[in-house]
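Have a look at these structures, which come just after this line.
The two complexes that follow have chain A in common; it is paired with chain B in the first and with chain C in the second.
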Partner chain A sequence: MHRAGNGDALHLVNVAQAAGGEPFHAPGPGDFEFPPLFGFFTKPMLIVVLAALFVGIGFYLAARRASLVPSKGQFLGEGVYGFVRNSIVGDTIGLRDGLKFVPYLVTLFSFIAVLNLSGILPVLQFPATSRIAIPLFLALISWVIYNYIGIKRHGFVGYFKAMMFPPGLPKPIYVLLAPLELLSTVIIRPITLTLRLTLNMFAGHLVLLVCILGGEYLLVEKGGVFAALSVVPFAFSIVLTFFEAFVQVLQAYVFVLLSALYIAGALADEH
Partner chain B sequence: MHTLAAVLAAEGEPNPLLPHTSELIVGTIAFALLYFFLRSKVFPIFEKTYAERRDAIEGGMERAKQLQEEAKEALAQYREQLADARHEAARLREEAREQGAAIIAEMREQAQAESRRIVEAAHQQIEADKAQALHQLRSTVGTLATELAARIVGEALQDDARQRSVIDRFLEDLDRTADESPDTAAPEGAARA
Partner chain C sequence: MNGTINGSLNMIGYGLAAIGPGVGIGLIFAAYISGVARQPEARGVLQGIAILGFALAEALAIIGIGLAFVLS
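What follows is the complex of A and B.
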């Protein structure tokens, strides 16, 4: 879908370019670098801080006057909390073992969702999670947690034995399975967590940039019949914005669901 | 990944796959603060609310169940009482009817006895009156007859003893004739009286 949008917009831009005038500079990774606002503090960092404040204050206000019959704010806060608690943790780890991971996973979900959604929020309009550092440290926290509680539950050797040698398989399979499982659990999982989130946000933002900058280029630089054509990339950017909203929430869900699954796997007696 | 990085580097573009240390630090601190804040200040309230809500619902259900039980018990008790009351009423009615019947029977008995007694007394009275009347009549008739006879016969029958025997004989004759023809005796007697 991203690719298709990208292609359409680029095609229009190429047509415009062929008609002459100043060449179009396609947006690239350079558009994800911001000059510092002050000192080392950049726009993505500002978004991270704002998102943390927003999530913290939002939840605090939702819980401040908690009552049995929830207010609108409390309903929303409890909705997010209850969704992660019951639908994610309850279905993967189980509430008996998983209740102590609920705070982390709810924070994780809200934080990622808000950082993702900052990509389509007016004024901010940049998904901070497209900066690889953000998903990376979150993935590392999840990595530390699931490995730590796995070792704590089964012992160091027991954990790796349960991970690499799940019982009930024919012996030769282990030759293949053991190194794969080790590689997957210890190295690949945090990398895929990081890259999946980063690149989804990166690509989504890039496509929006292409549509909007392309439209702007047609409207401002080319003029005439091309200015009228700029309606197409602009309209497409609006459709894509809604699509991005969906992808942003979905990616937050996927990140949290996988974290919960990894924790559940580390806790499980049978792998 | 290396090739992508190389291409990007060759183009002079920044590499989006290289994390910035400052972002790592700021992000980690922000996330950690957020986590500890939410875990200590917000989520316990949510959990407490969950528990309270579950308590309220379960408690409410418990109470409703208890109330229902009580209502059922009360209904059963009420029905039992109603049945008892009906039995009691029926019993009382029956008793009253029996008593009434007994009273009526007794009254009837008493009335009959009373009437019998009155009739008896009347009979006796009549009998007595009749006897007395007969006696008086007899003496009066005797006297009259004697007097009459004396008037007729003169002083001859003045002697008391003789007089009495004459009267008695007369009366015996009279009785005999009355016995021989009882149908005619009474009117004759009445006429004589």
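What follows is the complex of A and C.
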């Protein structure tokens, strides 16, 4: 096949290589690997420890001197707690059954939100949740909780019967429905919880890296006309940083909302 | 080197796979917006449902990007 004039993107790459300087190395999964700071301790682990300390100490300080006229810290802590209790647990599990899950869900929400937001905090600038082990472990905790709660409420057989054979459907449907429901509840739910959080953070961090490293490459490596063009990716990186902040809080909300829904589903009685 | 394209075909596959969830998320938010426009006081209830549907539709795109990186 004759390959001359094979598209604009290729043309740009060739121009970039002809103009001198080394070619641009696009960021990839390799940018998510960190050398250990000391021993086996890497940067994502440091972020997890810092986030755990921040959430724990923050809530402790917010609740320590609770007063009728709240301080700023108490206002923030109560705001997060009230948000999770009223608009997540209240709407899904219901406050009568759900009040005892509120502490877990508040902790989950603030921990994930802080881990996610470390992706746009200066100095840290890495969302620890983009390493799959962390969301996987959090999803496994949710998985254990909703299965345990369901088995405790309905009994082992009753739980799987309520899950796989919801009443009121024509008999042949169950051939299809029962294995799908079993697969969905036991295997697919923790996997999608994990992958949704991990890969949202992964993709968001990758997009930010492309914008910032691309702008840096144009400004530092190319120079000249290209240096003036670097304004575009830098402007995009600022806009995308705000967008990332939104996505990071949204994903923490989605993770907690889905955990609450799974708990609500496990607790639901047969109708 | 001249005239060749390097990279993984997986990424093109991922681009195609992202069309479906993209359309789905668009439909979900279109329904949410028209629901709120008809009945603004139902916003609080609809918001949770819309974000839930968004999360479930988005999971497909997310699984796609995961597999695009894994199956290389």
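Basically, the second predicted complex is superposed on the first by the 250 of 271 C-alpha atoms of A that agree within 3 Å, B and C clash if a C-alpha of one lies under 4 Å from a C-alpha of the other, contacts with A are read in each partner's own complex, and residues count from 1 in each chain.
The rule is simple: a residue touches a chain if its C-beta (ideal position, glycine included) is under 8 Å from a C-beta of that chain, and two chains touch if they have at least 3 such contacts.
This structure is a prediction, so every number in the text was calculated from the model and none was measured.
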Practice task
Check the residue A:184 against both partner chains and state whether it touches chain B (first), chain C (second), both, or neither.
Solution key: neither
Handout entry: Which superposed partner A:103 touches (first chain B, second chain C, both, neither)
Key = first
Exercise for the section: Classify the contacts of A:250 with the two partner chains as first (chain B alone), second (chain C alone), both, or neither. Expected result: second
Exercise for the section: State whether A:111 touches chain B only (first), chain C only (second), both chains, or neither. Expected result: first
Practice task
Name the contact category of A:91: first (chain B only), second (chain C only), both, or neither.
Solution key: second
Problem - Winner by number of chain A residues touched, once chain B and chain C are compared - result: B
Problem - Touched partner set for A:29, first chain B, second chain C, both or neither - result: both
Practice task
Take the contacts of chain A with chain B and those with chain C, and give the residues found in both.
Solution key: 29, 198, 202
Handout entry: Complex contact set, residues of chain A against chain B
Key = 28-30, 32-33, 40-42, 44-45, 48-49, 51-52, 55-56, 59-60, 62-63, 66-68, 70, 74, 77-78, 81-82, 102-104, 106-107, 111, 128, 130-134, 136-138, 141, 198, 202
Practice task
Spell out the residues on chain B that touch chain A in their complex, using ranges where they run on.
Solution key: 8, 11, 13-24, 26-28, 30-31, 33-35, 37-39, 41-43, 45-46, 48-50, 52-53, 56
Handout entry: chain C-touching residues of chain A, taken from the complex the two chains share
Key = 3-4, 6, 10, 14, 29, 87, 91-92, 192, 195-196, 198-200, 202-203, 250, 253-254, 257-258, 261
Problem - Parts of chain C lying in touch with chain A, wherever the complex brings them together - result: 2-5, 44-45, 48, 51-52, 54-55, 58-59, 62-63, 65-66, 69
